[in-house]
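Take a look at the structures below.
The same chain A turns up in both complexes below, where it pairs with chain B and then with chain C.
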Partner chain A sequence: MNKDEYKKLVEEYTPKEKKLKNAFLAFLVGGAIGFFGQVIVTILETSFGVETKDAYIWLCIFIILIASLLTSFGFFDNWVSKCKAGLILPTTGFAHSVTSAALDYRKDGLITGLGSNFFKLAGSVLLYGIISGFFFGVLGVIFYG
Partner chain B sequence: MIYLNAFLLAGTLCLLGELILDNTKLTPGHVTSLFTVLGSFLAFLGIYDKLIEWGGAGATVIISNFGNMLYQGVIEGYHEMGVLGLFTGVLTKSSAAIATSVIVAFLLSFLFKPKN
Partner chain C sequence: MASKKLTNIYIKDAFSLAGPVEKEGAIKDYDIVIDDYYYHTKTFEQAEIKMQQVVIDGILQRHNLLHSDIDLLISGDLSNQISVSSYAASRYNIPFLGVYSACASFVESLLVASEIMEGKRKSNMLCVTSSHNLSAEKQFRFPIEYGAPKPNTTTFTATGAVCVLLTKEESKIKVDSYTVGTVVDLGCTDASHMGAVMAPAAAKVLIDHLLELNRKIDDYDLILTGDLGCIGAKIFREYVNRAYGLKIKNHLDAGCELYLKSQEETYAGASGPVSLPLYLFNKVLKQKRPKKILLIGTGSLHNPFFMNQKLTIPAIAHAVSLEVKS
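Up next is the complex of A and B:
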């Protein structure tokens, strides 16, 4: 059996089950974040009289705080490599990418390290978010007034 | 049942992301950017508001909500200040997310060392 055949054989057997497991785990973890997020929003609304719109913003801040702290403690890298999209797609992923870049490059100095690498990973989300938000916004203004 | 909806919506979006990650060569950076753009596109179609109505926090914890907030900021800015508002408004709503992650990450980088 040559290398290519072997590769094919490996591909045929291993990843399918792993993909299924990954997908299930992402669904479960992502769903759990949505669920607990909703619990926090409801608590803020009913016990603290926060408006729904503001409650979502508070939730966003809490999630970023928690994810950044967990990244600093060193737990999050492991979890992300296991749960992948379940932790990358929620706001936790954004916070994780900013904090881990900050921690990793801090040793290279305040400007050339921390400053220039701060948005190394989250930069594309910011860039394409602002570009698409702006142009779809302009389209929205044109279409809906 | 808003809690179940939140679970299902956030879970399904993450499942979609995982399927893209596992079956294509796209990296997490691609997928998060894609979802952000998708979020502002869905906001443009008027769908994102409905998703939030149906799934509550399930729709707002996902990065696509970042695109939605950027879109809403542009629209709100236009209604308040006209054309100038397109530029001043775009970052208003998403400011909480950007500012929090910048401030927190900056402070934490002085307190902690990277683990690996």
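Up next is the complex of A and C:
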């Protein structure tokens, strides 16, 4: 049996992932987090008189704190496996990725373990986020002055 | 030819330790069960070292054996440079060999020990295997608490350790023959579908074993594969049927049988070198039948570096046959 024939055999016996269901679930969970964020921003603006720009910064800090705490208490990984990508994509996912890596390497030394592995997953987000930020900034200057 | 009929090598006893998920699974009477993945140590890796030492001590104490009574200790695990085995062995004054063929390491250790023992008149040897779900996750996949969504084909690395005492004294379980496997790569690239990666290697060693020792599949009461998982086991049987025209009726996969279907977190079943000996010694050999068993340990030889370099995954399987007297 050659590789192509084997690939067909494997596909035949591999159960299909419920992609539509997972995507819908991720849409609902991600959307719910966005809704929750908006509620917090509105509360900060109306009840505490915080400016909109600052309210979003406070929200970001708040979400990162909550997600990191939930990761370190061991809840987040179970929820991710149920809620799929909806929990990973927003800011919660970024916080979760650094906290989970930090937890893995906390006993391997502050520099050689935790420090060097902290951005193991999030490093790509940072690098390409900064690079694309730079290019869009340049484009912004060119087209909008 | 990589097969050999052995004359008088016996498995005298085995000592098993199982982890928190395994004790909730299909088998309830392991020698020791642990509830804590740290096992009173600081890290998962150190816990696995302790697990190996506990099973070695367990079997030495049960049979009143001194270090000097053991000629050789052969161990294998999934950690980098099989360092768990080496660190565990550092406590014993016993000659040591480390073996690695991923989840086929248990069968590899059995066949290496058997081959070395074959020419001796009197000998005791220990074969040790362990795996730890969380140290393996850290080694091969994402950080543990990350909990990345997994496909249904994923297998769950079993936590446990098993120490087997091989002797030349006659006992109920005879190590009858072995076949060393060949590395097979049929182009799979998905490390979360290891059953598909390993099935062709398992089939190859099965066919080699039957041809080289001139046996038929019906000579065995049970063909027990290591950790193909429930999906991989189906692929294995179908592959053997289509590629070699052989129908297997007497097949079980330890990985598929170790957990209950209700344990959803285990997906397609158990993986890890320890799943085969855990199931073999705590379930199969405690039953009256089967009498003739062919063990096929299956290992996916992938490595995170080569996965990132998009190479296809090679796999290996080794076979050892056992004869059980009632």
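Throughout what follows, the second predicted complex is superposed on the first by the 128 of 145 C-alpha atoms of A that agree within 3 Å, B and C clash if a C-alpha of one lies under 4 Å from a C-alpha of the other, contacts with A are read in each partner's own complex, and residues count from 1 in each chain.
Everything that follows uses one rule, which is that contacts are C-beta pairs under 8 Å (C-beta built on N, C-alpha and C of every residue); 3 or more make two chains touch, one makes a residue touch a chain.
Note that this is a predicted model, so its numbers are computed, not measured.
Of the two partner chains placed by the overlay, only chain B lies in contact with A:L28; chain C stays clear of it.
In the superposition on chain A, A:F134 contacts chain B only, with no contact to chain C.
Shared-chain residue A:V10: touches chain C; no touch with chain B. By the touch criterion defined above, A:G74 lies against chain B and chain C together after alignment on the C-alpha atoms of chain A. By the document's definition of touching, of the two partners only chain B reaches A:A122; chain C does not. By the touch criterion defined above, A:A85 lies against chain B and chain C together after alignment on the C-alpha atoms of chain A.
Once the two structures are superposed, chain B and chain C can be ranked by residues of chain A touched, with B on top.
In the superposition on chain A, A:L59 makes contact with chain B only, while chain C stays out of contact range. After overlaying the two complexes on the shared chain, residue contacts for A:K19 are found with chain B alone; chain C is out of touch.
Contacts of A:T99 after superposition: both chain B and chain C are touched. Of the residues of chain A, those at positions 15, 22, 71-72, 74, 77, 84-85, 88, 99-101, 103-104, 121 touch chain B in one of the two structures and chain C in the other. Across the complex, chain A is touched by residues 2-3, 6-15, 17-23, 28-29, 31-33, 35-37, 39-41, 43-44, 52, 55-58, 60-67, 69-71, 73-75, 78, 86, 89-91, 94, 96-98, 100-102, 104-106, 108-116 of chain B.
Note for the complex: chain C touches chain A at residues 42-43, 138, 142-153, 186-188, 193, 196, 200, 231, 234-235, 238-239, 242-243, 265. By the touch criterion stated above, chain A contacts chain B in their complex at residues 15, 19, 22-23, 25-35, 37-42, 56-57, 59-61, 63-65, 68-69, 71-74, 77, 84-86, 88-91, 93-95, 98-104, 106, 114, 118, 121-122, 124-130, 132-134, 136-141. Within the complex formed with chain C, the residues of chain A that make contact are 1, 3, 6-7, 9-10, 12-15, 17, 22, 71-72, 74, 76-81, 84-85, 88, 96-97, 99-101, 103-104, 107, 120-121.
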